[in-house]
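One chain, chain A, appears in both complexes that follow, with chain B as partner in the first and chain C in the second.
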Partner chain A sequence: MIALSVVFLAPLIVMVLGSVQRPLQPPPDGLDLWPDPAQWSNYLAVSRFIPLARLLLNSLLLVVVAVPVTVVVTSMAGLAIVTARGGLRRGLIGVSVFMLLVPAAALWVPRVVLLRGVGLADTPLTVALLALAGTTPFYVLLFALAYSRIPVSLLEAATLEGLSPYAVWRRIALPLGRPAAVAVAALSTLYYWSTFMDPLTLVSSPGNWPVALGLRSLSEMEAALYPIYLAGAVIVTAPALLAFAIGQRSFFSAVERS
Partner chain B sequence: MKARRLLAAVALFGLVGCATQPAESAGAPIRLQVRADPEEAAVYRSLISAYKDAGGGDVELVTVGREDHLTRLSTAFASGDAPDVFLINYRDYPPFVQRGAVRPIGPLLEQEGISTSDYYEQPLRAFTYQDALQCMPQNISSLVVYWNRALFKQAGVAPPAAGWTWDEFVRTAQALTTGSVKGVGIDPSITRMAPFIWSRGGAIVDDENAPTRTTLHEPGARAALRAVVDLIATGATPTKDQLAAQRLDEQFMTGKVAMFLSSRVEVPALREQRGLDFDVAALPVMGAPASVLHTDAYCVASTSKNPKAAAMFIAYAVGRQGQTVTALGGRTVPSLRSVATSPAFLSPARPPASSRVFLDAIPHLRHTPVTPSWPEVEDVIGTQLQRAFEDGVPLDEVLAEIQKQADPLLRRR
Partner chain C sequence: MAVKRHVAAVGPHKGTAPTAASRGRGVGAAIRRWPLAVPYLLGSLLLVIVPLALAAALAFTDYFGFRPPEFTGADNLVRLAGDRAFWDAVGVSAVIAVIVVPLRLFLAVGAALLLARPRGARTAVGRAAAYLPSAIPDAAWALLWLWILNPLYGPLPAVLGALGVADPGFLTTPWGARAGLVLVMALQVGEAFIVALAARAAIPNRLYEAIELEGGSAWFAMTRVTLPLMAPIVLVLAVRDIVVVVQNAFVPAMLVTDGGPANATLTAPLLIYRRAFEYGELGYASTLSVTLLVLTGVAAALPLWLAARLAARQRTRA
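This part shows the complex of A and B:
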């Protein structure tokens, strides 16, 4: 377990150490790890190259809106699959799997055309509109799998008691599918925090871009400025790690309870 | 890169080539998309700020990384959200013209009082397609030899002289190869090979204006490529493992390679390397002098609602002040003769001291074919040359493969 942790932690450690190396030095021959002396000013330099505060705010807004919408939409869709019968159920699962097979690049142009057509392109929240379509069919299938473990008799009894489909979802399915909800929330948070191809193609104005796209542009800087790029990477990675640190207790307790 | 180019091609099929009626508003805001890293973006911000100080309108700058520029441009055009002005390399622009995405710039710039006779002809020719000047060249770079002064001195080798021959080049590279230092690094791409092929009297394609097949297997081109393969066989170039570990430019920065071939684009990064003493030299000749054109130009999108404002900005950017601002950034060789020959570009105070080499190459500049499928052809040739240069695959096998894969692409036009 410790060995495995080291494997996963190593890139993060290299990133943090690299972020305090002195910029404008020749690229090192190997892995030049230990900075001497540490250049903390690299962190201040990041905002000289990209409007960091604004990009972080855009990303935060994106995550705050897109993640809850994704969870609601995909959990409802997952329940719809589980409560469907026979051929319809198989058909819905088939469509979800088929949609998973469509390469992301094939959707870039249709998405831009669609969103622009309805006048919703070019806002900080444009990318969040993907959440209305569930972000990815994988999350829908994840919920369908989780809900399939709920006894059918329970859902049928609730319906016979006169509960509306919404009430069945809200009062029975969602509480029982909490681990799936936590997992989808975690995965979609990571997705919206790190996506750069969607905003690159969907959002026209750089002022509305999320921070991942800013990091992408820093990654193209010359090798001599890589410490500044890595400082940017630390700044962008830190909130995701922090969110995980805060959310991990709830995540593990939800999984353990299941 | 291949996937992105493919996407660009697919996306462009969705284009509708309809030029909108110009709304004659000179001060209207426009959007400019350029391929630039964050440091280069600062140069364009200075350009826009100087333009505003000179009474110009608002320009929204969108800087996109190297890998993403064409992707974003293609999706933006397909959705009708294209930038008013974009900067593009001549090897990438024909598909955009073919799909009606570019508004020919000649008449627009004439109205702004720009005379193309003040500019170098070669890039203007490269951006002339379907008998009209489509975009206005910003720069005119060419392939040169970057060399490390300290490593030359250390090996006791004389600096490269103008008009040096291929044999002298090979001998120099061998003399510089000692211990951990390799003499020269050459990327396996057609833009690096083309000058040698032309210099040796060969050709890349059968007809440069309307190519239908590649001619790299024919005697002139084959001999030039053979000479490069022979140079690699001497061990004077980095090995496959060394190339996998570090890019050529970084190997040059760290003194592992004494010479490498590239265009002007390397200068800002090399200037930032403390202690690196470098200069540029002309390409060695195998027969007649030759070099290959590298140029980017400002294009106006056919969908722009403000072509007048777009033309005004371009006129400023390619004018004396605009070109001086971009020349001081170090990355471009100005396309305007008067700025290219001014201290803004030639000043020896900042390396490379021999910037004139870029201007001396201009009379011998030729360009690769301007045809919509060229980006894909380049990819095919690059992949195959890499097999010959790095994996030791026999040259004739590679040349046959290039013919097999690239010729159908050229005929597809």
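This part shows the complex of A and C:
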């Protein structure tokens, strides 16, 4: 189990070590990972190569808008799947599974054509539109899994009391399925923070890019400058790991009966 | 009244599942909650279903973005049939998927089985570690591997050199670059890991207690209970992973190997991206992307077909 953790953790440790080495050195003779002394100024140098502040702000805006929309849309749909019966239920699950299997490449061209047509392409928030479709059906199925553990009699009683579908969702399902909501919020934060392919095709002005896409130009740098592009990678990774750290407990409890 | 009408409408579909039908009648009142699915369905319609239909229509046109699309009949299909570059790219995607999908499933399911029973802090750390690579943004992950695999500065060629293993040339030779892509994708298995973990958690504990009581070995429990009960989920994961791998090879293929050397890692999505957004051939790129959709569907059906064959063989043997 420990060996397994090491395999999964090693790349991250190596990334941080690499990011504080001295740039523009001759290739090392053999393996030399320990930086001596640590060169923290690499982190400041990143913004000389990409407009880091602007890109971080774009990503923050994207997350702030897209994540709440995703949670609302997918949790409502999850409750609908749990309470629907027969053909309707099979239909909803079927549509979700079908959409999980559509490769994103099949949607690049038509999405660009459609969004340009209605004038919604190339803004910092264009990618946030995907939240209207729930970002990925995986989140809908996650909510359905969590809500399926709410006693049916409870939902039934609420309906008999005359609560509207919206009120049942807002007052019963959402509070009882809180771990699932936190998990989906964390996962979709990771999704929008990391999004690369969607803005690459939908957003053409570099000034409107999220930060993960901004890293692209760092990949074209000289190999000897690797500590600087690794510093850029660490800067983009740190907030993602923070979101993961906050969400992971709810996340694991959402998939597992406690 | 609305409830009764709905139950009557749904009733006939349920001939095959009498228990579900009786339950359905019991909670008939709940049926009216379908409006909650409307935002999701509407969003999916606008951002997935309509675009798919549009792609299918554009596939039969010449379209470069500045003039309206021009219908060209089967011209694009003729071109597709003779398009060596595309079929080579499909081959590259297929080779990578054949290597990396089993590897990823092995890692994801293996990690899920090892970390299934909650045993305090160690399990928590292990689970977080197994998901961690998937939490790192793909572009940052790609930059990291761009360095790890670098022939001059990279730690991995240095480690291999110290161990006396010949450097496969991760960024410089065709098969070395493909091996590099496999390494980049092998560890990002968070989603499959979570699903496998949930599947394992759904197996009732009393089964294992019974085996222990009867003196069955851990091997027996694994091969006769755990794996057979998880097989359907592993199958679904395999299907999903084929789609994910074909798609997710895009970021590392673009940032780490840039399709090279000599197009050895030019995967199908990367080729479609270049056709659409670098050459501006939106019409023909649609032909390619719809073809990729169909091919991925066929590839994803492969594990299902294999499972059906295996099940049929077992039935005849029994």
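In the analysis below, the second predicted complex is superposed on the first by the 226 of 258 C-alpha atoms of A that agree within 3 Å, B and C clash if a C-alpha of one lies under 4 Å from a C-alpha of the other, contacts with A are read in each partner's own complex, and residues count from 1 in each chain.
Throughout what follows, contacts are C-beta pairs under 8 Å (C-beta built on N, C-alpha and C of every residue); 3 or more make two chains touch, one makes a residue touch a chain.
Since the structure is predicted, the reported quantities are computational estimates derived from the model, not experimental observations.
Student: Consider chain A as the common anchor and indicate whether chain B and chain C clash or fit when overlaid.
Tutor: Once both complexes are aligned on chain A, chain B and chain C clash.
Student: Residues of chain A touched by chain B versus by chain C: which partner has the larger set?
Tutor: Touching more residues of chain A than the other partner does is C.
Student: Tell me which partner A:205 touches in the superposition: chain B (first), chain C (second), both or neither.
Tutor: first
Student: Pick one for A:24: touches chain B only (first), chain C only (second), both, or neither.
Tutor: In the superposed model, A:24 contacts chain B only, not chain C.
Student: Which partner does A:219 contact after superposing on A: first (chain B), second (chain C), both, neither?
Tutor: A:219 sits against chain B and chain C alike.
Student: On the A-aligned overlay, A:49 touches which partner chain: chain B = first, chain C = second, or both, or neither?
Tutor: first
Student: Have a look at where A:113 lands relative to chain B and chain C in the superposition and call it first, second, both or neither.
Tutor: A:113 contacts both chain B and chain C.
Student: Quick one: classify A:121 as touching chain B (first), chain C (second), both or neither.
Tutor: After superposing on A, A:121 lies in contact with chain B but is clear of chain C.
Student: First (chain B), second (chain C), both or neither: which does A:105 touch?
Tutor: In the superposition, A:105 touches chain B and chain C alike.
Student: Between chain B and chain C, whom does A:3 touch in the aligned arrangement: first, second, both, or neither?
Tutor: Touch partners of A:3: none, neither chain B nor chain C.
Student: Shared contact residues on chain A, chain B side and chain C side combined as an intersection?
Tutor: Chain A residues touching both partners: 27, 105, 108-109, 112-113, 197, 200-201, 216, 218-219, 223-224.
Student: If you look only at chain A, which of its residues touch chain B in the complex?
Tutor: 24-27, 29, 49-50, 105, 108-109, 112-113, 116, 121-122, 197, 200-201, 204-206, 216-225
Student: Spell out the part of chain C that touches chain A in their complex, as residue ranges.
Tutor: Answer in residue numbers: 10-11, 13-14, 20-21, 23-24, 27, 29-37, 39-44, 46-48, 50-52, 54-55, 58, 65, 110-111, 114-115, 122, 124-133, 135-148, 150, 152-153, 155, 158-159, 161-162, 187, 191, 194-195, 197-198, 201-202, 239-240, 243, 246-247, 250-251, 254-256, 268-269, 272-273, 276-277, 282, 285-286, 289-290, 292-293, 296-297, 300.
Student: Quick check on the complex: what are the chain B residues that touch chain A?
Tutor: These residues of chain B touch chain A: 3, 7, 10-11, 14, 31, 37-39, 41, 60-68, 71-72, 74-76, 78-81, 246-247, 249-250, 253-255, 268-269, 272-276.
Student: With touch defined as at the start, can you tell me which chain A residues reach chain C in the complex?
Tutor: The contact residues of chain A facing chain C are 1, 4-5, 7-9, 11-12, 14-15, 18, 27-28, 30-33, 72-74, 76-77, 79-81, 83-88, 92, 95, 99-114, 129-134, 137-138, 140, 145, 152, 155-156, 159-160, 165-166, 168-169, 190, 193-194, 196-197, 200-201, 212-213, 215-216, 218-219, 223-224, 226, 229-230, 232-234, 236-237, 240-241, 243-245, 248, 251-252, 255-257.
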